[in-house]
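Here it is: the structure, laid out below.
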């Protein structure tokens, strides 16, 4: 019989639902060294948390995340709350000897992220593991892209072209939800979705973004107050409040390998729903991905004769592809939530093997530093700004 | 507290894994009137069945499907075995007052399918429900296509163009697995995947296929014996055996509304992995779908000025789309297995509401009759053959 | 100085405009052994023909095609009239020692086509050349597909999937133009566009279609009389006339190499404008083409590892691609009319070299026989009908 | 009889071939107020120019462009030489009362462009017309995009995402041709192809780019000397020379309407041949175009219910589309060279009507100023740099 690893999750909203599905499914599809048990979920409201526990399949409900740290049947803390709470909980959990998987962005500030990364390094020496949940790394097509770049298939990276395009706030009457308020969300499109393409670009290329030049914009400056934005009316007119985050962030930069990179994160790309796109052009080939067609990776082999070459649509559903063999026969596509299932699978395996899971808190910190450089450049006339530590 | 509905599954191979994931997930995403409990799985081998139960999340393992009928904690029988066993089990289960969801094809012969349909009609009078698991109906894009046709969006149906293209036996050295043996599988590409496009075409259009003209072919007549095909060597040379099913089936036909239809089911379409494709052209518009891009439905609105019109890629991930709202935000795609989750969701709701679930055993019988007409036409010089009961 | 070859064109409507552009352009892009001179165009109306000559760049206008045969400065007759006049003109021209390039379909009946093919064979012995203008063979992507099949890239052909989809008569109030009248047009979608996919399929595969099973339909039986359909009112009600040709033709068949083929020609595919599509699946690979994206050929190499493989979009604009090198740099696409320019280029070269141009009148006859087999099958309960001479 | 307008072309390389095809074809497809006559082509080498004249269809060959200005049968000067000669010739031609159509970029420096724009304004007062040949404006899909934006279909412009991706110098052994030398070419990817996307973005949106932040890079610093780069060896090692222009230019900027824009011009995008791409996201909809599929415009109508909406592939081949009606029936695509034909058609019409053709030399100057701002920003640490006169 395999040992059990108990999981305690903090938060049960969008991310909590996705992570729950991962914990619920992972053992049925992968041969894991440890059997995950969905021990408890923590939230503030006793009623809502109990309901969530029942709905999402957690055995217990706790109304204080600290209670999860006290439980001996919990070895993993899964952190699904907004970024402003990450540092406190994660650091405490690591100190308590719990492995931590933490939603992105790692934190809302570089300072917090640094503290977390320091805590993670210290914990690692005690065999306690920490991972930041950039789930898109575990989309099979993205993992395959990384593998092929690492194998040298595209040669030296010349260009990275990354976009994360959404359109859910195009309507100026869309209300001032918490994600549009700086004190709660940290930043707007930049931290929410820009963080994903920064990590994905660095992951696929195996390189770092060394500096950026940026523009940000808030197209709609005031929005109707949402129920959840009560108390903000001082900032706006009657019933309206001020949007305090960016609607869109564009930046260009240089990669550590000498290539150029272009990034765009926006919530104003009408018609684009969740278009996390990345194309990498190298000296020997190119790769292209669009999450709106998540089971496809496009590959151009530049070593072929030009009369033969072209972008090839690889359906990343073959047994030999990352993660895909655990699921269904070729051509039977996976969906969004599978990236989370793959994430917890890798986390469990790292814990069992005593190895460092990736992306680490240091990887999360690196993304945080890029976000900071973007904001600094945007505030300084788009001047090229070096990413700290790169 | 909601009442529990206990499920007993027969078979735990490919389909059993897919159905298990559906039963495991459905309650976390949909608000169901009954709470499904994964009571028991039945298989022949005690060891393998016990392993499957643990892996797939079933509380008990039974080594005889009849034991499931005896259990008072089982109200639903989920039939995931090959087609030759469907009639016996389904009819017994219905007689025992168990609701039955049965994998497709309903049976291997029209006679068996008729007996099953008769049993289902009788059971329905006692409030016992039966459903055949044509899962592709529950892909959100396919369900949306049906909805739009029903709303009159494409007008009168002129053309149906349906293909199910795979390529897993292109290699002549691929072994003689059971799916290539008529006594076990009934037919080849025709019954396995042709059945899906027949049902999908009839479902989306809301029409019946009234007659067909067909060609079938077996490109590779002999194949190496697989371990599982031992004992067949009399049929082939040393170590090879005869393929006794079709590799591909093509047929053209007439729809009950006056349109023309074209169908192709093949396992020899190199490079096409699971390309269940259907395009419907109507007097007011057209719809197109390809399962290899399962989150997309393409719609052409022919009532627009021609300078404005064009096929529109609708990402079927909006809250207002069938099933999609239960999952993730727009643009976050679903995968293959979700079709099964939607299937059991609808089945549970029908049971609770006391209504007839669809597709019914009669729908399954109708598909069986089309398959029979195809085989008859192919054997009779492609002569146009009327589908019985159409 | 290169010798001049004089061209006389008969007809100046749609095809005449396309051919004129070919004659006007070909010498500027290709290094030809003979310099084409646009000597004269023939038509019935003196005024309209003179206008066409001026507009399209012909030096003279003739009002009787026989006058072109008399001219010693004309060596090539370019036949752009409807099919019912082809036999008479082409046979006379060949007898007069003129090379003939004749629009498709070669004729409206098998009998006429046979007479033309006989005349062409006789003329060839005297060094007089004849060619039928299946222009789609000269789309670079189609020519490349043929080349790759001939090189064995896709191995044995298992499937041909050919469609020619248009939508210009979806509206039931579209008038009864001559193309919808059997006495003038011979047939409907079948001969007009079905002929193209039959030739393209046979050209790319290098095989013949040996037999077919067919369905045809006329969805709209009566249409408003067009000005040009005056006198037809006896056939319809007041102001309406009967459509006497097919609106759509579907057929399935067998190729000479043992593969199966599916064809669909229709003018009722709402939203499809000129979708001449063909996919060929072979034992070693597949090719796919859609004229609506005419500069692309999709190629799947089935000899690659399945984890690497996928359909590859080859932009057929490289210098090494058929015809493309004569035009623009890679990625600068060509259009519809270029297929005609390539056609006359090959024709001029064959004349100069004293070789037999392709497609020959025999190729045209072969297509005619397939059309006849389709009509015969459709009239005989879709019975499988062998193509004469195949 | 229509009056004749005589054309004299300077230069007969790539652009000269394209323009010749335009002059040769335009009168056959459009009903023009003036009949263009291809009077003479000018070049330096008597032999080569005579050959070009014969090949491309010009009646005369001149070995000095000044001779064209002297000819009374020439009313239009078509300038197809590299940018460094534009100012001298164009200004002289305008002074001589010749209408001028000038290839892009208007000039190699802002100063030259200013002098040309001044000359053009002065000439306009005398009824003499000048136009810069940004041919991509006349691709029907691009013209349609402009039309729809002008009609308000996409509302306020939020994002412009423009790329011009090529790959012809990815190979480090590709020689040091003149386009890679600053003294001859002015700049690299920036001026050659970046100029096109700047103009296209400003044209489609009807807005100006007001400021930019830029990065440029030369990935391959030295290349083998080409025959045409003899004498450069001092700059490199034995047989190699220094590349003195950019290989790629990335810039982000702000549009005059408040939107953000991203641009990328590169010759290092392996697998992208001539991918001039632009997407514009507005408050009411979006448009997307890729020249590699030049007959398509993608349109998302954001005013539709989100369950209905999606990017729609409009084949820009309808009679009601810009330019398209003059050519072939719907679905019969056009190619690269047609953009030039449309260009000279519009130029002839403007001359006849006495109106100002677009894009004007002022438009060309505006692009030149953007290029200058890009270079300035790139040289100044990517600082946001305002475009002069914007």
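When the chains are written out, they are named A, B, C and D in that same order, and each has its own residue count from 1.
In the analysis below, a residue touches a chain if its C-beta (ideal position, glycine included) is under 8 Å from a C-beta of that chain, and two chains touch if they have at least 3 such contacts.
Computed from a prediction, not measured in an experiment: that's the story for all the values here.
Same-residue interface: subunit A and subunit D share over half of the residue numbers found at their contact. Ranked by how far their CA centres sit from the centre of subunit C, the chains are topped by A. Our note on geometry: subunit A versus subunit B, Cα centroid distance of 36 Å, whole angstroms.
Taking each chain's centre as the mean of its C-alpha atoms, subunit A lies 41 Å from subunit D. Centroids built from CA atoms put subunit C at 54 Å from subunit A. The set of subunit B residues that touch two or more partner chains comprises 272, 309-311, 315, 330.
Those residues of subunit D that touch subunit C in the shared complex are 14, 17-18, 20-21, 24-25, 27-28, 55-57, 166, 168, 272-275, 291-295, 315, 317, 327-338. Taken in their complex, subunit A has these residues touching subunit C: 299, 305-315, 318, 320-321, 330.
Those residues of subunit C that touch subunit B in the complex are listed here as 154, 158-159, 161, 163, 165, 167, 170, 172, 213-215, 217, 219, 248, 250-254, 258, 260, 262, 264, 266, 268-272, 279, 281-286, 300, 302, 309-311, 377, 381-384.
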